[in-house]
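Residue numbering begins at 1 within each chain, and the chains themselves are lettered A, B, C, D, E and F in the order written.
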Amino acid sequence: MLTATGLSCVRGERRLFAGLDLAVGPGEWLHVQGENGAGKTSLLRILATLSPPAEGEVRWQGEPVTVLAEDYRRAMLFLGHHGAVKEELTPLENLTLAAQLDGTTLDEANALSALMRFGLRGREDLAVRFLSAGQKRRVLLARLAVRKATLWILDEPFTALDVKAVDMLSGLIESHLAAGGMAILTSHQSMPLPNGRILSL
Amino acid sequence: MNAVLAIIRRDLLLAMRRKSEVLTALFFFIIVASLFPLGIGPESALLRTIAPGVIWVSALLATMLGLARLFAPDHADGTLEQMVLSPTPLGLLVTGKIAAHWITTGLPLVLLAPVLGIQFDLDVGALGVLVVALLLGTPLLSLIGAIGAALTLGVRGGGVLVSLLVLPLYVPALIFGAGAVESHISGLGAGGHLSLLAALLALAVFFAPWATTAALRISLE
Amino acid sequence: MNWGSPAEFFAMGGYALYVWGSFGVCAVLMILEPILVRKRQSSILRILRRERQAEILENP
Amino acid sequence: MSNRLISWFKYASPQSFYPLAGRMIPWFWALTAVFGVIGLWVSFFVAPTDFQQGEGYRIIFIHVPAAWMSMFLYVVMATWAGLGLALNTRLSGMMAQAIAPTGALMAFLSLWTGALWGKPMWGAWWVWDARLTSALILFFLYIGFIALQAAIDDARRADKAGAILALVGVVNVPIIYFSVKWWNTLHQGSTINLAKAPSMATTMLWGMLLMALAFWMYSIAVALTRVRAIILEREAHTEWVKDLNEVKA
Amino acid sequence: MNAVLAIIRRDLLLAMRRKSEVLTALFFFIIVASLFPLGIGPESALLRTIAPGVIWVSALLATMLGLARLFAPDHADGTLEQMVLSPTPLGLLVTGKIAAHWITTGLPLVLLAPVLGIQFDLDVGALGVLVVALLLGTPLLSLIGAIGAALTLGVRGGGVLVSLLVLPLYVPALIFGAGAVESHISGLGAGGHLSLLAALLALAVFFAPWATTAALRISLE
Amino acid sequence: MLTATGLSCVRGERRLFAGLDLAVGPGEWLHVQGENGAGKTSLLRILATLSPPAEGEVRWQGEPVTVLAEDYRRAMLFLGHHGAVKEELTPLENLTLAAQLDGTTLDEANALSALMRFGLRGREDLAVRFLSAGQKRRVLLARLAVRKATLWILDEPFTALDVKAVDMLSGLIESHLAAGGMAILTSHQSMPLPNGRILSL
């Protein structure tokens, strides 16, 4: 259960939002909406503890995330605008090394099957820099399939994906929710997922 | 501990992928050291006097060039964000990265230094002292440099700014390192200088990863 | 003929280290280089053969 | 005339050059062996002991050929690279790429043997003599060329970028050589001048020439072998490579 | 012509925005040159002998560090693509960029060199020669460097590779530049060296932009 | 009139497409479709002369583009995945300097009105690096409003834009077409534009 109370965010002279409350429980997902520049990315970064809020507090299972620190980070997975994939490594290496940095291990079979699932068959051994925009994005998203986390925070996950990949990803999110997970997403398009609560900035 | 090994392995793997980078840092070292005779003249007595200083300054500069690679790529592609968010403590990951940096930048310099020493006509004893001094000094350079690299991360022009921050901090390493070789040549024995260098290294091993971690957190905020 | 005995030949008038050091490294490198090049050739050939095999298996 | 042009271009295609090179390589190895054996025999058993340098001077029989080849190969490499840039033939870039490592090897050998010679003669492994220094810079130029090509993934791009570097290098090598020479004479630092080397006995000259020929043939043989590997690597997806006998076997 | 001025203005504006970069290149120059007295020892006769060489090598390195900034940012954010596609001939734009690079990197070095010269105890005449030599030499460094920067563009590890490509080509500039000051000090007159430097500069002005343009087109392909 | 005949594109060992023909006349637009990695970006870069085709030829008004060179580049505007905006300059500076590099001048009033049009009011003087993902994209797209070009080649122009911005941009493209312009676009979503021909890779 993620709750936030009285969040506000100031960038430069500009107050992007203030007094924002939100709560996401198991099996729920939140669709953060807003115009360009409304502060969606800023909100997600606050929730992921990447930047501190100007006011307010974020709590995970009732405890402030600043106190939980590592435990919260273990339960949470944030994927942002950035690739966070190494251009000179192959998709396979990217995936296994990302797992190792998280302190888990991922055997090759699992990694390969995650990549297959994301339609990267035949590209496992090609350095990421040769991949197309959508393929790069898929490498990043493949982490969703291999890293166990309760809370997914995804900033515009559907960018650059083709129709098939969008279906695949929304299926993945649905089964994550069905298993009691939570998700916070942003997107400018209507979401191919049912039952989301909407937060408009 | 596992994560530390993983990150060392990852960074070495990345270094293998862009082999040219590691090799080039090495050749940079050789070339810079070879530029000085071209600027100063070929008299071998003069060259022998300035050799320890020239080799150490070249090592400093070669290490410094590599610093830009230390965190910047991970920062640019968002990996660093993921490291901060990873359940593994950031301090461990940072230590791993510094170790990998030394293996790919510092260690090759140590191995190559004798060749340069020969070009400057140093004798065998002086070469030995040079190698030992560099063996103590280059990890120190990596450790101090990491702090600078972390501080300048994401700052526009960080690549050059880092040299400004780091070079003054390198001065003690330079003085004791070059001093060790010089005092060996002048017959005074290098022991004092070398133990000072070792003391500095011990201090840095203790504090630098901690400072680097703090700096990284700040630059990501 | 300059040399009275093999030993004299190998001693090279006291310059053995330098002369044999030069000729030795030269010989080693000039033997090593062709071997490495052959290796490069045979490794690419091996890959090509394997690919061809795979192609034959896929569409007989 | 037009006929000759066409056949020339025919051999400029990797497909027809590959078997041609395959047929030429054994001959160049044979020539290497012949010149090498006679050259070594002359250098060790025919050439007399030098009255000044004793037996140590025998290093000259590999030192000078290596030095010559390192300079010559750079020009050949740059020529191929330039041809590739001008005519856009695929083979030229591959030739340049195949020559570079051998050129670097020769540059390294001239430095190595020179150093082993300098120690007994001058008492120092290295002096900042004009010729030594410019040989060192030539070595760096080779390494730069190889590193640049290795760092670029796309083969065609690597060829073109390498070609520009090689051509810039060719303009610069004479400039560097003369500047280094001038720098060195101004300082009057080194006491021994290579140009004042003792006048050579004819047999020494013969030995040197034979060894130079052997080095030359060796370079051609290795470069051709390497270019064949490069052709296979780059043309792996083409039909003619798949139809090669050695691939079918 | 208008476009050339526009690009110079743009690059100067960018340099103003990230002032720290320009300043740091300068400080790098000063710090590197000041490391030598620390590494070598304070005897002023020795220092005076090595001064021209040390100052020139520092200038070389400072220029080289700036090369990474020459095309890489424009390449990373796609501006270079737009330049290639712009109706203005690429050669002109490239010339403008090289000019801006010299104004932001080379010119400050020229202005600062006398200060360093004084640190090394050079007399007024030698300082004058040093400034003139740098005035001829630094544009040469920018021009040659641009070729290297363009060749290594978009190449992994390009930042270090460029030094490997460019430093050997800088040797003549170093020799004649440092030589001019040295032969002035030894009473031989600097004229010969300076005119050779000018000749090299003329050659480079003619060829380097052309080679750079070709290299840029290749790296964008 | 842009025509291409027998285009083929090879990346690494992989042939992305071959024997591709296309033609776009005044007032027409082409929607290039295909899965992630199908070769859309590669095709657009070939059409923009940024990379040479493995085979085939691109012609503009009947002449090969390699011959036309500058004239073609003057008539064409390519906006790709990349920002092509300088992060440390403001949107206003970015726009005017881009115009100057193209050899034209753009007075401040025009530039400002283009930025207003793209909803960047109040951000003209903020360095681009502070802007949100969508706002950055808008700065790039503002070039469409100020640079006169007959042929627009746009790679996923709608990425990161919110609904309002999508409307604005499609309105802009429509009026460009109505004035006899041509456009080649890629997008994974259905296009809010009528009458496009579709090219599937």
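The criterion applied here is as follows: contacts are C-beta pairs under 8 Å (C-beta built on N, C-alpha and C of every residue); 3 or more make two chains touch, one makes a residue touch a chain.
Small disclaimer: the values here were computed from a predicted structure and weren't measured.
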- Without subunit D present, chains still joined through touching come out as A, B, E, F | C
- Message: Counting C-beta pairs in contact, which chain pair has more, D-E or B-D?
- Response: D-E
- Query: Rounded to the nearest whole Å, what is the centre-to-centre distance of subunit B and subunit F, using the mean of the C-alpha atoms as each centre?
  - Reply: 45
- Message: Suppose each chain is reduced to the average of its Cα coordinates; what separation in Å results between subunit B and subunit E?
- Response: 25
- Message: Report the inter-centroid distance (CA atoms only) between subunit C and subunit D in whole Å.
- Response: 17
- subunit A-subunit C separation of Cα centroids, rounded to whole Å: 54
- Which residues belonging to subunit F are in contact with no fewer than two other chains? 81, 88
- Which subunit C residues touch at least two other chains? none
- Query: Taking each residue of subunit B in turn, which ones touch at least two of the other chains?
  - Reply: 17-18, 20, 24, 27, 31, 38, 41, 156
- Taking the complex as given, what residues does subunit E use to touch subunit B? 17-18, 20-21, 24-25, 27-28, 31-32, 35-36, 38-41, 46, 49-50, 52-54, 56-57, 60-61, 65-66, 68-69, 155-157, 159-161, 163-164, 167-168, 170-171, 174-175, 178, 182
- Per the touch rule above, subunit A residues touching subunit B in the complex are 48-52, 70, 73-74, 76, 78, 80, 82-89, 93, 97-98, 100-103, 127
- Message: Please output the residues of subunit E touching subunit F within their complex, sorted ascending.
- Response: 2-3, 6-7, 9-10, 13-14, 17-18, 73, 77-79, 81-89, 93, 220-221
- Where on subunit D is subunit E touching in the complex? 137, 140-141, 143-144, 147-148, 151-152, 154, 156-157, 160-161, 164-165, 167-169, 171-172, 175-176, 179-180, 182-183, 186
- Message: Quick check: in the complex, which residue numbers of subunit A touch subunit F?
- Response: 11-12, 34-41, 81, 119, 123, 126, 130-135, 137-138, 156, 159-166, 188-189
